[in-house]
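The following block contains the structure, expressed as structure tokens.
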Amino acid sequence: MDRPPPLPPAHTWAPLLEAALAEDLRSGDVTSELVIDASATGSGRIEARQPLVVCGLELAAAAFVHVDPGVHFDPLRRAGERAAPGEVLARMHGPLRGILAAERTALNFLGRMCGVATQTARYVDAVSGTGARILDTRKTLPGWRALDKHAVAAGGGENHRFALDDAVLLKDNHVHAAGGVGLAVKTALAGAPSHLQVQVEVESLEDARAAVEAGADALLLDNQTPEQVRQIVDALGDRVSLEASGGITLDNVRAFAEAGAQRISIGALTHSAPCADVALELEDDAAGGVRA
Amino acid sequence: MDRPPPLPPAHTWAPLLEAALAEDLRSGDVTSELVIDASATGSGRIEARQPLVVCGLELAAAAFVHVDPGVHFDPLRRAGERAAPGEVLARMHGPLRGILAAERTALNFLGRMCGVATQTARYVDAVSGTGARILDTRKTLPGWRALDKHAVAAGGGENHRFALDDAVLLKDNHVHAAGGVGLAVKTALAGAPSHLQVQVEVESLEDARAAVEAGADALLLDNQTPEQVRQIVDALGDRVSLEASGGITLDNVRAFAEAGAQRISIGALTHSAPCADVALELEDDAAGGVRA
Amino acid sequence: MDRPPPLPPAHTWAPLLEAALAEDLRSGDVTSELVIDASATGSGRIEARQPLVVCGLELAAAAFVHVDPGVHFDPLRRAGERAAPGEVLARMHGPLRGILAAERTALNFLGRMCGVATQTARYVDAVSGTGARILDTRKTLPGWRALDKHAVAAGGGENHRFALDDAVLLKDNHVHAAGGVGLAVKTALAGAPSHLQVQVEVESLEDARAAVEAGADALLLDNQTPEQVRQIVDALGDRVSLEASGGITLDNVRAFAEAGAQRISIGALTHSAPCADVALELEDDAAGGVRA
Amino acid sequence: MDRPPPLPPAHTWAPLLEAALAEDLRSGDVTSELVIDASATGSGRIEARQPLVVCGLELAAAAFVHVDPGVHFDPLRRAGERAAPGEVLARMHGPLRGILAAERTALNFLGRMCGVATQTARYVDAVSGTGARILDTRKTLPGWRALDKHAVAAGGGENHRFALDDAVLLKDNHVHAAGGVGLAVKTALAGAPSHLQVQVEVESLEDARAAVEAGADALLLDNQTPEQVRQIVDALGDRVSLEASGGITLDNVRAFAEAGAQRISIGALTHSAPCADVALELEDDAAGGVRA
Amino acid sequence: MDRPPPLPPAHTWAPLLEAALAEDLRSGDVTSELVIDASATGSGRIEARQPLVVCGLELAAAAFVHVDPGVHFDPLRRAGERAAPGEVLARMHGPLRGILAAERTALNFLGRMCGVATQTARYVDAVSGTGARILDTRKTLPGWRALDKHAVAAGGGENHRFALDDAVLLKDNHVHAAGGVGLAVKTALAGAPSHLQVQVEVESLEDARAAVEAGADALLLDNQTPEQVRQIVDALGDRVSLEASGGITLDNVRAFAEAGAQRISIGALTHSAPCADVALELEDDAAGGVRA
Amino acid sequence: MDRPPPLPPAHTWAPLLEAALAEDLRSGDVTSELVIDASATGSGRIEARQPLVVCGLELAAAAFVHVDPGVHFDPLRRAGERAAPGEVLARMHGPLRGILAAERTALNFLGRMCGVATQTARYVDAVSGTGARILDTRKTLPGWRALDKHAVAAGGGENHRFALDDAVLLKDNHVHAAGGVGLAVKTALAGAPSHLQVQVEVESLEDARAAVEAGADALLLDNQTPEQVRQIVDALGDRVSLEASGGITLDNVRAFAEAGAQRISIGALTHSAPCADVALELEDDAAGGVRA
């Protein structure tokens, strides 16, 4: 990735950050208040404990600063970069109580976001050289849409529609209600604002042809085998944008790419990404200490 | 599990539900608005697609009702129950546009919550018969503390402290700042409100003894081998509550339990639980349809 | 209009409604509390006082019900319908204090929304028969995006992109930064998610050609005369979607439509629509009265 | 106007500003992110494109700074001042992406607020020399009460009551419920907190007399002709404050003022003010550009 | 009091109620969840434990219903009524867990609101027959302005200005800044919206005269003795509204009333009112119980 | 008190502060805007007017800074310190309008918080030398839980459980539902998370014995005489933590302490604490003044 994907606007994640800090801090960090002096300061570093794709350092920074504006946080890596185990991702210095109070929330954000980016990169790597793009879905964690999509972009994936309103995507229920693929596409094209793409889910070459005849901008090939995908690509690949989805894993994703799917969307990028292992280590220079 | 764990109060999850619906619906479900009549109604069922522990049907219900109060949602299973692939977890009936608009958000909640409950149950099953309890940690998804803890309880786990303020837990940094395990415990006991438990992290038998001498209510045995755990249990198990944590997997959790750890806390219950596979199927009775 | 446009989801307007009621009611309606009995009830009707296109009755209804759930509100017309002066748009019955406390807020919403719909219909009528579509812009009232767009749809207009994220629209500053029309379009196409349309603003036939060559999905012809529009339509109208904008009034809009502009976007639909004249009349059956 | 009217406290407009930015930015400004470098900076100026009364530059400033705190915004004029076409109202410098992302929202606020101030000034000018004051009403845009009232003050108008609770205003329905003008006034005076003015709507000289006899502090002469106003002024003008309202336009407002109305309230100041034409021009010094 | 004062609009207290329930319930009522069955129901009554003036039953009701909509709450007394020790103020029936979870919050509201009403009534009783009115001040509990003012009204007091914006009240610092009482009043009258009363604080007869000459609507006699009040009343009582404030207690309030003060404002009505003693008793019909 | 208790995290009080300022300022401080120049500055000091325990200066500071970030506020005393009448608690300097607009809200917070701290200190002083701790209850002012608990700590008291979820406290209704003290305790111990203390309310020595036998961590001796408390202390004081509550006043609190109660909880610390008398005095250096 040449450049880091832009962090989404703060209004998309600031309420989540505030909720996360509030649910963890509640009435205060009683442990630190008992044994750490209010005036104690310290330094720390955030390290990768596994190979990962970096994402979310801005959220970690915001967590520390939100708890105590006196914490100084230096990110050392940018979203989208790869880090090896042991690499330092960020350094911080400031009031020790503040650092300890925000630590868990900061790491929870970072572990999740690096986790999604890293999971995405595994799929992107798997189709390397085929020209296929790896896309996310709307199967993001509730409340996390913007951050999950950002992490997918950091991992080298492409963002599918953000919400229900920025593209028309006719799924099986819509096709059924409209009376068939062709009718569904025509109805949508007639009524949709002209800047919205009209995509339709198809499960056979016949339906794919009908969709293209009706004017669909893109097809979603749902739960097809790579062989079925190839048939549709061969027949229609030069007339319409094609996306494969459903039942795609790290083991078979390359087969879909090689079958000619230009875009491959995968729910597991966001709904089942394991947390990446990151940790905060305090330096030995901490000043302050027991209140006794 | 005899009884379902109580759903946490609505104020702990309603803002997350509203945010999740807003981020997915935004200005509206353009696709359904184009091809589904406003007056069309339909029925649907939510099915398990894998063996799972049920959790989160109240959230799914709330998602549908929030989008359209005319949707009637019948949960058929209770939190904590096990379901086989193909089992129907809930049925619903009502305005088709509303059902389709809330579908993804409802399933995203349900998949996450069943996923955490199911992940927890795997660990609980693994220590079956040993008397050990499986506990969660504060490594929950930001914004999800209450729901993640609820899902752990549904899976048969025990909830560790909810936040930083409902127990004193002296970790290595606190011990270091206080000048040693004994001093840390004594300082905490002297200053803490008397209703709060004082637990301390120890990494050796020697420290464990010092903690017990100082009056600690509980010990956290961090990153110990089952053998090390057994030594501490043998020496101090009748004098203090013991909890093992760190480096515990499905493969080794039983060894820790058999070593005598009364409580075993595991971050992966919540930070890396795969989404459970659940799906919504519409019945054939849908009335309404294409707007053309 | 065959069917009423769907009201946007409540999360897009409920905070505005609550803010509007709060800013008008504040600590209470002292006047009514002084002279109207708490138990007094009454009936009222909302009338058009000018020819108008109906829009916003749901907001009026919500205002009354929010102030007093005991108010029963019956809308008699649907969004998008035309009403003559004197026509009754809705009837209500319920606690008199509640009706009077919500009256101004309800009418302020209704007047604004009918005003925008009516303004839009004037432009739609002006291009009648030409096949041209009238579009809104992002020049909506701050906080009113969803309601203003809904009112435009009620008036027969088409909604342009809702926000900055649901289409790429390269304006002069973007073109300048990118080093020209062609380069801007190519850069955008290379990086944009594939479901997003790429539109570019052009001010000459030459630029229009460059944009089409580069693969633009749509052109925005800004501040062109009808004659200039016709030239571009003649040259490129079969290869790209064309939208005219800038300097368009009720007096000249038909000239643009007849010049072949398929889409005509007009800021004045929303930034300068006069309020429509609507009024609430109480019926003579009011029961209750002076508190003396 | 000697001094600018004070901007209302931030709590009255900050939520509206945040909502306005959120509804326009949503998940981000995809266009600028594609073709403008994150590090690009630029300068711009806001110009009047018509004769106008300045109002709302603080809101424009807040929009830019909210999107990017690195934008430096210099207002050059103060609320209430008049500007000619072409005059520069403000200059800014800073990150180009931030300037472009906030541009539309900033201009939407400014156009509305200058529009209301300018509309007010037209009426104030029309009664110049008569001693009459031009007042607003509660017919403000929902959610905009504080900003609309501020813009009226900037235009030289006087603010009528802000909300339902800061003055008693007995309208026809209240008079009807109370059993007549005199009874309504007496009931109100007996029960109202003593710091609240009691005003009553009257439609005849006879009612006006009754109101004054009963002790009303002020009369609202609703839908009267200038001649009718004059009669009431002649009879009661030295005993009570008089306000005319209803059916007043730029064409007849002076007649009302010359008839002796001390205060003239006009809904159109806020419910139908056309947007003022203001624009942002970028300077040629922009640094940065295409990401390719 | 003939009629109960109207409860202020919900937007003035609903956020406080929600905050109060959230801060007490947090993640749930663990005690009841352990020993009370989810299906257990019960009945309860709220009793006065001291002589008191009733106020706040609507808040208590809202607390129970907010926690569990299945709780049925019957208020038996109205705001402003007096109750003797042992009198039942309300009855309720419903889910036992819900009743117990909301109990403390409901009683905390009720104790505070009855406390303020009862405190007010003591002062109102003390001036009985003199014609003087007892007023509150802005010394209300932060966040409680609307409820505190409502409780004062329930206790028979009159509400002074609600906030800084619904009357002009020139205090010593304003007078000092303006260059004297007369100048302050004249400046205020010249600039204030005509519906706002102009009151000024005076500390001598001389200043009182100057204020009246300048046209003040009302005087605030601050920290005067009853004798000083009487002097000003004798000199100016027929020309201006007079309010005494400062240093007024239950012991001396009647002396101020008898000295002719028409209005007497007292901060202690709200800033130091003791909580009224109210309690919830469960009936013996509770069904359900231990979960064991 | 050696060290000041830590101020609770901002999320626990910032919404209350914002609500308090909004309810007092509403559309602005009309009085100051009329007679104080926007550019006027001044200095002030906050003084104690009675002997008090300091608490809440951070809230006062936040109020001034929230209204005008240009106000510089210097606290001179720390929470928990005692101040004599006339002592200066803080000094400030900055824009005069801002100081006056925030004054009342700042003092309202400070008077309440010093009031609770001072009330607590009276009880703490009364048991001086006995070793007994004074505790608060959940009878805090709705919305004020965190600040009230902080003020109790500043006054030298100990904080009882913050909310319903951080300890099990079996009251009479729970005991009744569970079928007796022993059964209630056993049920709770079996089901409660192990980090939560289990306390039970008892009203006789017999019940106290049953509770201890069942394994209760602590007893709540409700409405017992000092003599009854002594009996239970003598019998069980070395086996369980004992807390007395109910009917405890400044007059009898020492008797309870001398009877051996280790912890004494008192609702009146927070539900009936009189406001402490604090005042803001402006210095003579104010610059600026009348707008005339």
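For clarity, chains are labelled A, B, C, D, E and F in written order, and residue numbers in each chain start from 1.
Please note the rule applied: a residue touches a chain if its C-beta (ideal position, glycine included) is under 8 Å from a C-beta of that chain, and two chains touch if they have at least 3 such contacts.
Here the structure is a predicted model, which means the values were calculated and not measured.
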item: Partner chains shared by chain C and chain F (touch criterion as defined above); value: A, B, D, E
item: Taking each chain's C-alpha mean as its centre, the one farthest from chain B; value: D
item: Fraction-based call for chain E against chain C, same above half, different below; value: different
item: Centroid spacing, where centroids are CA-atom means, of chain B and chain D in whole angstrom; value: 52
item: Approximate Å spacing (C-alpha centroids) for the pair chain B, chain E; value: 44
item: Chain centre separation in whole Å, for chain B relative to chain A (CA means); value: 21
item: In chain D, residues with contacts to at least two other chains; value: 12, 25-28, 146, 162, 165-166, 193, 196, 291
item: Overall pattern in which the protein chains touch one another (line/ring/star/complete/other); value: other
item: Every chain pair meeting the contact rule; value: A-B, A-C, A-D, A-F, B-C, B-E, B-F, C-D, C-E, D-E, D-F, E-F
item: Partner chain E, residues of chain D touching it in the complex; value: 133, 158-162, 165-167, 193-197, 199, 218, 241, 263
item: Interface residues, chain E side, partner chain C - complex; value: 3, 6, 8-9, 11-12, 146, 149, 162
item: Parts of chain E lying in touch with chain B, wherever the complex brings them together; value: 18, 21-22, 25-28, 33, 38, 67, 97, 291
item: Chain A - residues contacting chain B, complex; value: 12, 15-17, 19-20, 23-32, 34-36, 40, 96, 100-101, 104-105, 107-109, 111-112, 115, 138-146, 162-166, 168-171, 173-174, 176-179, 183-184, 186-188, 190-193, 196, 267-268, 271-272, 274-275, 282, 286, 288-292
